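Report on the structure given below.
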């Protein structure tokens, strides 16, 4: 049996830091998994991987102690179940807007009688252990993304869904949905109010609050607010930034 | 025109034996297709393949007389249609729980006026013949999986869906759904009763009954009951078992 | 900011010619993109690519001025959004039968407040520009396929969907749906009447009418009718035809 | 045991027509293998495939009766042996300039005592038969390319190498080597004289003469001269030509 | 620093059992690496992998404690060095026939001043440790294959090559080279005498003797003779055998 | 005809800055090619790509103005010629130690009569132009790596090889070869003296001097010395550094 290390961090009141994988490649995944994150997420939404590459990336992550998560591109049970079979310790699902959305999502992550996940944990039998079927419902994370105006309105009911582990705020989409633009303009506190409302609801329901942040400053703000799961940028954003910076420094030498 | 060999076996009152492919690879697929099975199934549910690898595996299977089937991971028409275009002679669809589920599934396998499959049989024009459009509705198998308590309750209506060819029992999931555990405990005959009920319903509607079995003993029991489509384990289960056994035998030598 | 060249062609009353990619490969894609088409479509419906190969093919297309489009295999928002993030300048969606189908499709192509696309244009930030979020709703094409009897009946309401750019007739499927066969038999003008009805409705709503054609003669007919987006055959149909012809010519030499 | 069909064609005084694969893809390979060629060559020299794709393409070819050949990119025994293990029925080796080159090449294609090929015919055990080791030396083709001035000078000794099956003229490289340019200029008959000299030497030694030709006219000339193995263009040349032609025809309509 | 576990086993007078990978796939590789072998070898000679898949398979192996080895297809320094950079803890090189062959091979495995390996241990910096350059020459295995008559004649000089770790007998090729056939006929003790001579020479030079065996019986014989590195069959041989056996058992039921 | 932009930079006395690709992926390649480098090198030596991925990465690079180079893993003509056919504008070859090494390398990069490259520029006909054969010898870079004690001793003869374009110092390997360690210890000026000797020889022969540097400081030193081709780190070194730094900064927040 493989215990979920993220649950242990949270039990000890710690904060989980999560790397984010957009490059569809096992070598960049292995590098990221070795870079000190508690967890890394194979992002099937805005990342560029096919399902099979996602599996291979989870193998690469499994060479380390980092916990492999996956984000699906939509609330589709077939994909959720496959990523779990392939080795994901938890699923992050975008665009959960209603209680029904959330129930469908969580149900896809859980074996009966809690849910309707199909049994056949191909790679998990090796990665997590032969007894995977016995503990999977307890150790697998189901994390719903709240990132629309509608979802904020329904946040109370969403958070009440049984067996839901966390709420993850897609900060870009939430701002876009609330304000109609993804630029950081003066929104009269709309974004911050929504974040605070979600956070309060997580605390009330003893659900882990998480958020994606574009930089260290935002991370600091969100940790201080009480977020316990912080995802920062992505591998390709990092590579892009550092490569541009270094090539510019070289040009400045001449 | 390529006749479906499985239909001929069944017409002659034979039983179809089916290999099961979880390794996302064309070489292991070719080996399996040469191992004496009447059919091999590329399993997109608990197997680890992307869609493109599935196509390549069906090419590898096409080097033999084994009939290529595919299991989708969910009742999604886009995937069902693609796998048929790519060379599958039939589709196995998991989690068919109601008559509507089954109608949607079978409709995706059939061209109008029987169903709503989109025309564009890219690889089938080569593999099955230039006249594929003319005979596809007759030769293509639509096999619904019955593997939940709900499905057993609805089995009569499911079996009545026009143009459905077979019912395939996901024995692991069915047990799990009925009993809440996938261990073989004393369930008071629940599992066996459900199996018998499904079987009777298949016979009544002249639909082929099939089942996945974990070993030869279970296969024997199910054949004697009257199952006509038997899938055994999977390529990776077989490889796992034999490799563990042989490495242990070596260790025992020292 | 990358302007959509197809929109400019249409603004100048031109006709767009589109290559069609079924071979899941970057080299054949690059060849096709260099062959003089205004646009090439990565076809995820009847083509044989996984999502990741589709992305790589869009990279290959991006070495040229040809505009990359993608056809999804079904009206699934997760796939639509991924293909847009990966570099598609527009999406062609099959089997749009009702106004609701069309609204769901167009909504998946548009960021709020026009739609519900999730923000994270990974490759578009490089390919289309860092300001992609600002102009994407204007420059991205949403093209609905009308290819069933039901869709023809609902064509007025479909064409009224806000922000829809074009209607693309799947001529094979439309004929099949109307007549129950994909052979060119005397259908009493059913097919032609449907085509004319769709065309008229496009003109009325100032939407671009498009159609797939199997040969140059059909292309000429459709251009004369007023179609402005013409897709011809596919890469594998072309390769198949020319290879068969040349091998036959060789055999005729002996 | 799988007999080499090309040897039978030659025994019956026939001419072998060979398709040529540059696109690194299994679907285009399957199309080409179905297009009526006696043989298709997976070209690892000017084609774009990795070794593993080459193997998968040979699987695709094995769905037909076309005989799979492979061209290596250099006279390297490791690659020659792998391609044979993977399913090639013969090897074409470029740039054979001396008798020693040729002996090294042929030796790599033959098991002891004829040569030094390593035993381990992984895929051939399935494709060609469990008794592959017994007949491989007889059925496997070793075809040396003669395409330099030096090779023409050494043609007598090259043709005398025991167990060599054929000579294949790389017409582009031969012209380039002889004249210093690959344009068809007046070379005072240098190219034709070299071709005739090679041909005569093949006849004398009862070796099959072959040549690559860019078009049907050249094929006719070479067949009349007595060439028995004719390779025409490549898949990507054909696709390129037809796609350019068709897109131009479309443009001419407007 | 990652110690080489195989060296520790040998230091403790143990025998190393090695799995053998011919299927070019990361999932079968992960299964094999979990099956209880001390080591698994990615075989680039008779296996079907490209270099990149080999790297991914070594990642999959790295999820376990099994030691990843690789066999090259020929004594080519570029490939040897790449496989070491990619994560192989040792290289097995076929067809080492002379002292010079062996020196070239071992030199490619060692950094200066011991050899001429190029520095750039891309994946090893993560897998084996940032200090890889300091210990690599000590922990990396160089294992030469002796599998020809010529090699047996030169065995004394081969074994004297400085920094060579082991001799691995390719039993199929050795038999074929000695007797001209790979069938087990009465060879007057030629094969056994050669094996014994190689073994004695290994003992004299304190080099590890290894051999590939087709079954458990041969393994027992070779262990008793004193071999310390035993490779058994391959993944695809095992899968082939078990699949054929089980499908036959099923057929026997009817 | 596609002019080689690097030659123009050098003609204008500029310095070329080159990104270095170790991640075997097209998306990271496209990111790097967009990061402001004059050129990017697909490194087949210490990078992790197969040949086919290298080709796809060169397609991704071709979406930009950055000049694609490739480093082979050894002086093997087959690989050199393939990478050129696939789209490399130049080849960097490691471990050139003698004049003969260098002649073999440069010969493989040049068509007759300058060298012995085989004609068949598959992708270059599209990327560089249909007239590629006419200008290739002039526009293609042949850059020899000098990175051993032996090479430094032979530097005069190496630099005299006709049609050689540049010398690239592998600084890690050169230090290792000279001092027996890759640590920066006091080597009594051995490394610097060798660098200066190579540089002087380049200037004398009007060959471009290049060097790989681990950081901006070293780049500055080498530019001031007169190096005109500077390669900095690699994509995976950059990603590794930035990911470790950012995850550490996050941890420091708590």
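In order of appearance the chains are A, B, C, D, E and F, and numbering begins at 1 in each one.
What we mean here is this: a contact is a pair of C-beta atoms (placed from the backbone, for glycine too) under 8 Å apart; a residue touches a chain by one contact, two chains touch by 3 or more.
Keep in mind that this is a model prediction, so the values were computed, not measured.
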Given over half shared residue numbers means same and under half means different, the subunit A/subunit B interface is different
Name the chain pair with more contacting C-beta pairs, choosing from A-F and C-F. A-F
For subunit C paired with subunit D, centre-to-centre distance based on mean C-alpha positions, whole Å: 39
Rounded to a whole Å, what is the gap between the Cα centroids of subunit B and subunit F? 52
Report the inter-chain centroid distance for subunit B and subunit C in whole angstrom, where each centroid is the mean of the CA atoms. 33
Multi-chain contacts in subunit E, i.e. residues touching at least two other chains, fall at 22, 24, 27, 31, 34, 48, 50-53, 55, 76, 79, 123, 126, 236, 240
Using the contact definition from the top, classify how the chains connect: line, ring, star, complete or other. other
Contact residues on subunit A for subunit C in the complex? 22, 24, 45-53, 72-74, 76, 79, 94-95, 147-148, 170, 172-173, 176-177, 180, 182, 234, 236, 240
Write out the stretch or stretches of subunit D touching subunit B in their complex. 26-27, 30-31, 34, 55-56, 59-60, 62-63, 123, 126-127
Inside the complex, what are the residues of subunit C that reach subunit D? 14-15, 17, 19, 22-25, 27-28, 31-32, 34-37, 48, 216, 219-220, 223, 230, 232-233, 235-236, 238-244, 246-251, 253-254
What does subunit B use to touch subunit C in their complex? 50-53, 55, 76-79, 81-82, 85-86, 111-113, 116, 118-123, 126, 133
